[in-house]
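Shared between the two complexes below is subunit A, which pairs with subunit B and subunit C, respectively.
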Partner chain A sequence: MALDHRRVPGPEESQAPLLYAVPGQAAPEAPGREAAALRPLLARAGLLSQAEGSASLELGGGTKVLCAVRGPREAAEGRGRLLCEFRRAPFSGRGARPRPGPAAAARERELGLALQEALAPAVRLARYPRARLELTALVLQDGGSALAAALSAAALALADAGVEMFDLVVGCGLCRAPGPGGAWLLQPSEAEERAAAARLTVALMPGLNQVAGLLGSGQGGPPESWAQAVRLGLEGCQRLYPLLRRSLLRSAERRAAEADPPQS
Partner chain B sequence: MASVVLSEAEKVYIVHGIQADLRVDGRGCEDYRCIEVETDVVSNTSGSARVKLGHTDILVGVKAEMGTPKLENPNEGYLEFFVDCSANATPEFEGRGGEELATEIVNTLYRIFSSESTIDVKSLCINPREHCWVLYVDVLLLECGGNLFDAISIAVKAALFNTRIPKVRVLEDEEGSKEIELSDDPYDCIRLNVENVSCIITLSKIGCRHVVDATLQEEACSLASLLLSVTSRGTLTCMKKLGNGSLDPESIFEMMETGKRVGKKLHTSLQKILDKEESLGTTRQKVSD
Partner chain C sequence: MAPPVRCCVPGERLCSLEEGAAGSGTYTRHGYVCAALAGCLAKTSEDGALPVVSVVRDAESQLLPDVGAIVTCKVCSINSRFAKVHILYIGSTPLKSTFRGTIRREDIRATEKDKVEVYKSFRPGDIVLAKVISLGDMQSNYLLSTAENELGVVVAHSEAGAQMVPISWCEMQCPRTHSKELRKVARVQPEFLQT
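Take a look at the complex of A and B:
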């Protein structure tokens, strides 16, 4: 097609408008928050009909994660295996739509592996020889602490599927504010995570008080600072535990009510 | 990771020995095996290093090429990591067997180097938004003898220390078109400052104690390990739990303290070796040229 000189051709590749934002236009300062404040949590188990177990977890401030478990399915190898997949919806992030490429796929694989390593201590895989459990975590909206929410949702989904577990796994995200001597904040929002100097996700089995997973990076400072962060995260996990248990009980009651409807 | 078959009796032997701070090869719980570091082994690269840690053999080559800066960071160059698990290492790596391990290593390396202060990427910029140096770091696993992450991080640090990036000048015409000129002198180059590059320390939990630098047999006995990336100043930049077991919170705090101690020692000895190799210069004996 001949080049049309009356029109202004746009760039050949599409880019997000945020790249051209003038730096220094700071967002209105959010009111200061308490470091150990937990965001409101909404957890529901048993909502997908096609999966053996499913759970949805929403954190106040906009993190929504959906998790589904399929299995146990027959597998060729001798030992039971848990295969985890972590996926983000393309519209889940605040910035540009991520280009599907090796970098994004590698990051999702890393988080899938982190999910699997955190859930493996909790699941009694020895009871499922020659079987595989497939777990998919889908982040619908990333408003901060997405991996931690995915961990809790995954544990709920496994429990909802009736997989034998030693304990639920509760995940908690933390981040360290930038600047020297920044404090560690529990369950950061998306803006706090973006500006953070260091990020950490802890996964705890609260009933057994065992740390199931740990993933952190950034300039967190000396080990004492990281130890303080881990303690804060574990405390947050202990506080979230009763909420997750209650949601499981509610879904079990709902299932029982559907199975035999109450006599009218 | 390469696996070795151990009987129950052997596992009990290893666990009980570690309880008494005595490992199978006579080391203490916080001792490394003998590490051999050699830089400038491959002459076609901008920098290279080979590290032998017991039976683990790693070869890292760094090639500096000119590319376009990323959109989000127009004033910086960047590093790209690739890991190749060669089939020589263990038969499990044949074909696509080593891909999962390679992805894990690459992701850990990216995680460590994504921290801003590790490498001064602003010095890799030639023309903002147009040209920059891209360092392609290729890691080759030649032999797998336990404790891969530590050996790889040492090799990457040594290779980056050894990297020589040629100096370029940017000439601008009257029309504004830029031309890049490479300096004629092959020894005129910029070196990278690797002071803030961290080293990975993997601490494996065996029984109730943790060990540094586990061999393949010890890795088979450990249920969970903690991977820490320690800088020369003793700060941690990355923390990751590996393995299918769980860790007690108290053990994690102990492991972090051990990691900091061992990391600082490792950094000082590594820096000594690298400076010594550097000072030898052209008088260093090379087998072939």
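Take a look at the complex of A and C:
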């Protein structure tokens, strides 16, 4: 057979790379983490110029979410509506393989509805008759608790857009390790989420102290275990609130400073 | 030196109802005035009444046409029963996305409503000052009215293409061809008249 000069020929024999792994250098065991430890959070509002409001939220360990709000635009209906879209970037997952089609699209639609359900009680839609607000949450990197990060980023983006709200919404994710005595962990990483027996996302409005949304799945154990998980999640939300509030204040001060330049 | 502005986030308690009244950008809950916007706090103290606490954002978030607001719109199509318009400005704030409105035949003039002809009041391309009378329901657009002396056509172009000059409340004249065209003209504000 004629040689194909256009391709770089690979080796005739190939072996699995694990054969070459030096024993004892296996991936270090992740140190047992404290159940209620929160990951470091970086939030920034007001970064996109083409959208009315925008916010970006990053959790330590590699979860990055970007949220943009457009509106209010004209709508045909009599009452105001909030339309949420939850999208994952193709490069957000761990592997290089693109996600399969319909299942992923259905899952994204479900998460978009969950976002809308959680944000609807916080937005004063009565002040926007005949208008629609379009919100898009884009997960740039999924390192665990992406929905919770998207919830917080969405609330920041809505506040940044000047939409009248009753309160901010803070989201927190939890998961339960498999096994009969598995404890609930706050803000799981991607590995913990994948191996989890049950997952839960809680959304809280801290100022009004009302739960805005709750989405859970899996085998959580007895009902008391779910109740304990919700309490843990709400506590986590209360601890995250000051950070989000500070980032929003900073962006509001930046806007005020840009509007009237300081005289001196 | 301007005093430092205090910024607030939605949901923050600003003051109790005894200390201040709720202004724009706030709402009341359980006897407290809470912020509804992320912006700067503004307190206007009136003599006698309670100070009004409001939250302002300098970049005005998109306004929505409210009932009774004066809007500037552009006529896009006319019919024997109504004229369809695009709402461009609310008051003096431009809108980022246009809203659609309708001016019905009976809302064009205040007097002799049944003798009105839409063709003799508006033409496509005219800039019209109108007032919002209704937000409309499911299928219809905003309902506007020009049934006042100060409302009506402000800028119109003649068939020759030149901008016309208003002569009376129902006629405009083209400066190039001197032909008169019928429009429902808005009364010119006194400060813009050159006499």
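The rule we apply is simple: the second predicted complex is superposed on the first by the 232 of 264 C-alpha atoms of A that agree within 3 Å, B and C clash if a C-alpha of one lies under 4 Å from a C-alpha of the other, contacts with A are read in each partner's own complex, and residues count from 1 in each chain.
As a convention for this text, contacts are C-beta pairs under 8 Å (C-beta built on N, C-alpha and C of every residue); 3 or more make two chains touch, one makes a residue touch a chain.
The shown structure was predicted, so the numbers you read here are calculated from the model rather than taken from an experiment.
Novice: Clash or fit: subunit B against subunit C, after overlaying the two structures on subunit A?
Specialist: Aligned on subunit A, subunit C fits beside subunit B.
Novice: Return first, second, both or neither, reflecting whether A:Gln15 touches subunit B, subunit C, both chains, or no partner chain.
Specialist: first
Novice: Have a look at where A:Tyr128 lands relative to subunit B and subunit C in the superposition and call it first, second, both or neither.
Specialist: In the superposed model, A:Tyr128 contacts subunit C only, not subunit B.
Novice: Which partner chains sit in contact with A:Arg73 here, subunit B, subunit C, both or neither? Use first/second/both/neither.
Specialist: Only subunit C is touched by A:Arg73; subunit B is not.
Novice: Between subunit B (first) and subunit C (second), which does A:Arg231 come into contact with in this model arrangement: first, second, both, or neither?
Specialist: The answer is first: A:Arg231 touches subunit B but not subunit C.
Novice: Would you sort A:Ala252 into first (subunit B), second (subunit C), both or neither based on which partner it touches?
Specialist: second
Novice: Thinking of the overlay built on chain A, is A:Pro40 touched by subunit B (first), by subunit C (second), by both, or by neither?
Specialist: neither
Novice: Name the contact category of A:Gly101: first (subunit B only), second (subunit C only), both, or neither.
Specialist: neither
Novice: Please work out whether A:Met205 is in contact with subunit B alone, subunit C alone, both, or neither, and reply first, second, both or neither.
Specialist: So A:Met205 meets both subunit B and subunit C here.
Novice: Quick check on the superposed pair: does A:Leu168 touch subunit B, subunit C, both, or neither? Answer first, second, both or neither.
Specialist: The second partner, subunit C, only.
Novice: Please state the minimum Cα-Cα separation between subunit B and subunit C in the superposed model, rounded to the nearest whole Å.
Specialist: Minimum C-alpha separation, subunit B to subunit C, in the superposed model is 15 Å.
Novice: Could you give the residue numbers on subunit A that contact subunit B in one complex and subunit C in the other?
Specialist: After superposing on chain A, subunit A residues 122, 205, 208 contact both subunit B and subunit C.
Novice: Which subunit B residues qualify as touching subunit A in the complex?
Specialist: Residues in contact with subunit A: 71-72, 100, 103-104, 106-107, 111-112, 114-117, 224, 226, 234-249, 252-253, 256-257, 259-260.
Novice: In their shared complex, at which residues does subunit A touch subunit C?
Specialist: Residue list for subunit A touching subunit C: 45, 52, 71-74, 76-78, 122, 124, 128-131, 159-168, 205-208, 245, 248-249, 251-253, 255-256, 259-260, 262-264.
Novice: Which of the residues in subunit C end up touching subunit A in this complex?
Specialist: Listed in rising order, the residues are 1-2, 5, 7-13, 25, 27, 29, 34, 36-40, 57-62, 64, 96-100, 135-139, 142.
Novice: Residue numbers of subunit A touching subunit B in their complex, please.
Specialist: Touching subunit B: residues 15, 19, 106-107, 109-110, 113-114, 117-118, 120-122, 198, 200, 205, 208-223, 226-227, 230-231, 234 of subunit A.
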